[in-house]
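Below are two complexes that have chain A in common, paired first with chain B and then with chain C.
== the complex of A and B ==
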């Protein structure tokens, strides 16, 4: 039967044969649970009992929940601080590392290492950095200069940036590598031509390097935004005595979902939060792709 | 506009010397082509003139001024790159204007200059396009436009035609030559293609392994090659070189034929190579040199190239296109004495 097909039909058969594996995978592992979660968000369920229909009750509860709005705000603070800071830092590092020959490989490994390290281990090391005198590294340094020590993780204003810092640091290595690949892809003759035309480094950076890095920047912005919107493990491990604390000051949406689902066993409510997160991720990604994709 | 001088220029990468003392004087407005096989140092020389590579020793002068320690922008040069180096995210106009970015020219003057250059290159309608909307030849012209807009003393071209297809290459070759006649700036042009060198240059610089082999007009390098390398490099198909023995005014070839050669500079008795271009070697000539059997024919229309098996090895000759000898036929090939070249075997240098 296969023999009698045209070449075009045979190509289609083969294409579908190979595509079937990921298609089935996505259907079973991704789309089905997503659909199910959306369904559960309209129901009440404590994981053991029957699911009962709740309509929009969970969403109404969410709308009136002050903790949700606090968490909503935290999540966006993570996003709006984390993404630009990590973008600028990783570009500056990559831009200079690219020009360096001496110890280039070693430094690149050094920057990449945190990305490969377990977030849990890292979070605990940073937790130690942040402790009070005489344990914490940072406060010991401050104290040795006679500066009063800072409550990093115990203060409602300092805790969120303190948790964000290691998250930025951990993602930096990956972004540096991507930026360096982008920089390497720019032909050397572009820079040589600019050199002969006698334009300064700032013009070269803004007129040549950055415009040509646009696809790289789009990728990194979308990728790191999704990462910061889904931040969880750093927060959970650094505030493990009181996850998301103090006073929900560091709690991101994912942690609230986790809390609602596996401490409160309120699956319907947790699912409603998940749907909100999903929608936010979708909208933010679409906006960024729109804004940053070629302006033509 | 200015003249250019290279004085004992050398270049080393670590302990490897790749240029061994290049000296050359280029007159104001001259079109000089550097030609040679890859790795001969021609591009390195050009990049040193541009200031993109440092000079290990020696002096580069542009307009009578030593430029060794000047930045590229201070040397009053412009360069056209092999891959054009035009910026894909900028319009043609912005690309050309980029060459003027660092100049203090008032804005209306810049605008006027861009229009002028676009006019010369016949690109006025293309100014708002992006490079991706241009053909290869048009991109090449944008690159030339960006170089022209600053009106530099010296234009440097680094194999600018090698990314174009054969037909376009021929066309751009003419355009660049016309442009030179029109604007009259000094041009240094690097290529590995001897046809480009022959057709465009006022003078050709032939390089090999970091040494200049010969400097001369296309006529000189073709008709009086300085050595066997130049003799074989310039002209297609390559010059035939036949081993022989020089004794006074005649050369005895491997097959025993004695060939009378024109007056030589260094005579005496020595091993030599007798050089004769296929274009000058014909069957049934009045001055026969060598006989052999035709093994292959390549008809070119007006003429036919014949490959002839002789006691001195396979040689190439040109026969009339209408009545070429048959494969297997024995032919007697000859050339006018003034078209014979004699080279010393030991040094490769020309004796004629």
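== the complex of A and C ==
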């Protein structure tokens, strides 16, 4: 059988033989559960009993659930605050770090350290920073100057930025490294030409550096957007007693999914939320990949 | 070399036949519970005692982190892989029965009338007609922990016995700094901990209400009693001179453990972690009574049940094992090792136990305890948390916030019981 194949066909057989492992892996580990989750979103299931058909019931419930819309909004607030802030901060740091020779390696390590730290440990330390007097670091400092305390986590307005801050800080190191690699990749001859022409630093920045950094910027935007849309560990660990609280002010979509699935044991409803998250991630990624393509 | 290998194979064969032979003459049953150090230790003692009395039965215990427990049980039993005897939270019973994961206890060994008479009354939630589905080894209730050092410092002789005294005592124990920030609370507060149980089954009843009717299927706390109970509770941290603060030192039990809280309401399971705390001298007393002397408490428990997987001789062995772990002897061992309360008055109400300085208040509390039948405990707790947050953070009228909570909880219960 194999003997009768043409060389071209044999090549194809071999190619598939080698591809089989990753293809099977992806089919079993990725595509099967994804398909299954979509199926469950049309069913009712409490993990123990039989699955029963629910049709669009779960999606209708989602549409009419005020908590879902609050959570939906929160998720985009994380994205729309987190991505630009971390992008600008990491660029400023990378831009200046790139020009610095003194203690360059040491500083780079310092910026990178939070990225390597466990998100859980970091979230708990920040959680304690934010506490009221007598244990909270920030409020103790305020109180020692006679300034009234700030409610960081016990407030519907302050809690989300307070949770977001360490998440931005944690991702900064990685983005700084990527930016620095991008900056190094810009040929020095452009800068030399600009210098000969006597151009100011602002023009160099806006006409040479930023345009040539565009692929790097798009990569970081895509990467950090997906990260902020999926934010979970920081929120969960900083608000474990009242996950996503107070009054759902910090609850992102992933936390709502977790809560519905593993505290409420309402798998169908949780799966419907997952499908919505999947769709959002898909749309955001497709838009951003399109932007990336237009740069080439 | 060859001879050596031959010998090795032969040795292997004989030892495996020996294993098979011993397995044939003994019944092996499996027991599952979630992982908690003291519980595992207590169960190991119980299993050792049981095996000594029944040499033909072997019990293997498997434990998991709490987070994975339900998922694993659900996946394993239908596949014929799981436990023969399983531990579950009382609130999960309906789900387990409906999913056919457990079978009723035989009425000849566990006659309902006898169990009704022998166990504390709240265990009757596990009964269906002539059969019990499951039985606890131990139960839990609430009591008021207090810091003896802080009491001494404030010149208070003893713990409060009534709700009015509770507020007075708490006021005397509260400390603030020059700016008015609380640095020591009189009593801890937070619906995220055990306070939602205290409010539901304790305060609402003590203010003359009944939190639920119709076998916990209908919410009934949206009443004058409910408003009064909520007012009492929120006055602790929203009153003119607050004696507490929500989120003080992050968690109520942490504040008490650190010696920054005068009083703290918590369950009997907290005893173990408080025992090892250096520099903390604490006592415990029954939950305060109302002006008429009425007390009310909340009790919860984990139960053991026989799964549908157990058949034939394994079933018989499982019944014997259930009989042992619900015996007086097992309950005393559980109390001594884990600190959880015996489920039968015959063990709990012995002079030694009921007058025990530490366990006594909890055990006496069982006599007037109610057990909430939750559909989704964390979901229902969350509604209580948000009820208080709407008042505190959004300035909502308490009656309005209470009505919202009651409506949301009713919707949750309706959805659960609709199936």
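Here is the rule we go by: the second predicted complex is superposed on the first by the 271 of 296 C-alpha atoms of A that agree within 3 Å, B and C clash if a C-alpha of one lies under 4 Å from a C-alpha of the other, contacts with A are read in each partner's own complex, and residues count from 1 in each chain.
One rule holds for everything that comes next: contacts are C-beta pairs under 8 Å (C-beta built on N, C-alpha and C of every residue); 3 or more make two chains touch, one makes a residue touch a chain.
Nothing here was measured: the structure is a model prediction, and the numbers come from that model.
Peer 1: Check chain A with both chain B and chain C modelled on it and let me know: fit or clash.
Peer 2: fit
Peer 1: Quick check on the superposed pair: does A:1 touch chain B, chain C, both, or neither? Answer first, second, both or neither.
Peer 2: Neither partner.
Peer 1: Just chain B (first), just chain C (second), both, or neither: which does A:211 touch?
Peer 2: first
Peer 1: Between the C-alpha centres of chain B and chain C, what angle is found at the C-alpha centre of chain A, to the nearest 10 degrees?
Peer 2: An angle of 150 degrees, rounded.
Peer 1: Which partner chains sit in contact with A:199 here, chain B, chain C, both or neither? Use first/second/both/neither.
Peer 2: A:199: touches chain B, not chain C.
Peer 1: Which of the two partners, first being chain B and second being chain C, lies in contact with A:17: first, second, both, or neither?
Peer 2: neither
Peer 1: With both complexes overlaid on chain A, does A:47 touch chain B (first), chain C (second), both or neither?
Peer 2: The second partner, chain C, only.
Peer 1: In the superposed arrangement, does A:146 touch chain B (first), chain C (second), both or neither?
Peer 2: second
Peer 1: For chain A, which side has the bigger count of touched residues, chain B or chain C?
Peer 2: C
Peer 1: In the superposed model, how near does chain B get to chain C, counting Cα atoms only, in Å?
Peer 2: Across the overlay, chain B reaches chain C at a minimum of 53 Å between C-alpha atoms.
Peer 1: Using the superposition on A, tell me which residues of chain A are in contact with chain B and, in the other complex, with chain C.
Peer 2: Comparing the two interfaces on chain A, one with chain B and one with chain C, no residues are shared.
Peer 1: Residues of chain A touching chain C in their complex?
Peer 2: 44, 46-50, 127-128, 131-135, 143, 146, 148-149, 153-156, 241-242, 245-247, 259, 262-265
Peer 1: Any idea which chain B residues touch chain A in the complex?
Peer 2: Answer in residue numbers: 50-52, 71-74, 77-79, 81-83, 85, 87-90, 98-99, 101-102, 146, 150.
Peer 1: Residues of chain C touching chain A in their complex?
Peer 2: Per the stated touch rule, the residues are 67, 70-71, 74, 95-96, 98-99, 101, 177, 179, 181-183, 190, 192-193, 245-251, 260, 376, 378-379, 382, 385-386, 389-390, 393-394, 419.
Peer 1: Chain B touches which residues of chain A in the complex?
Peer 2: 187, 189-190, 192-200, 203, 207-208, 211-212, 214
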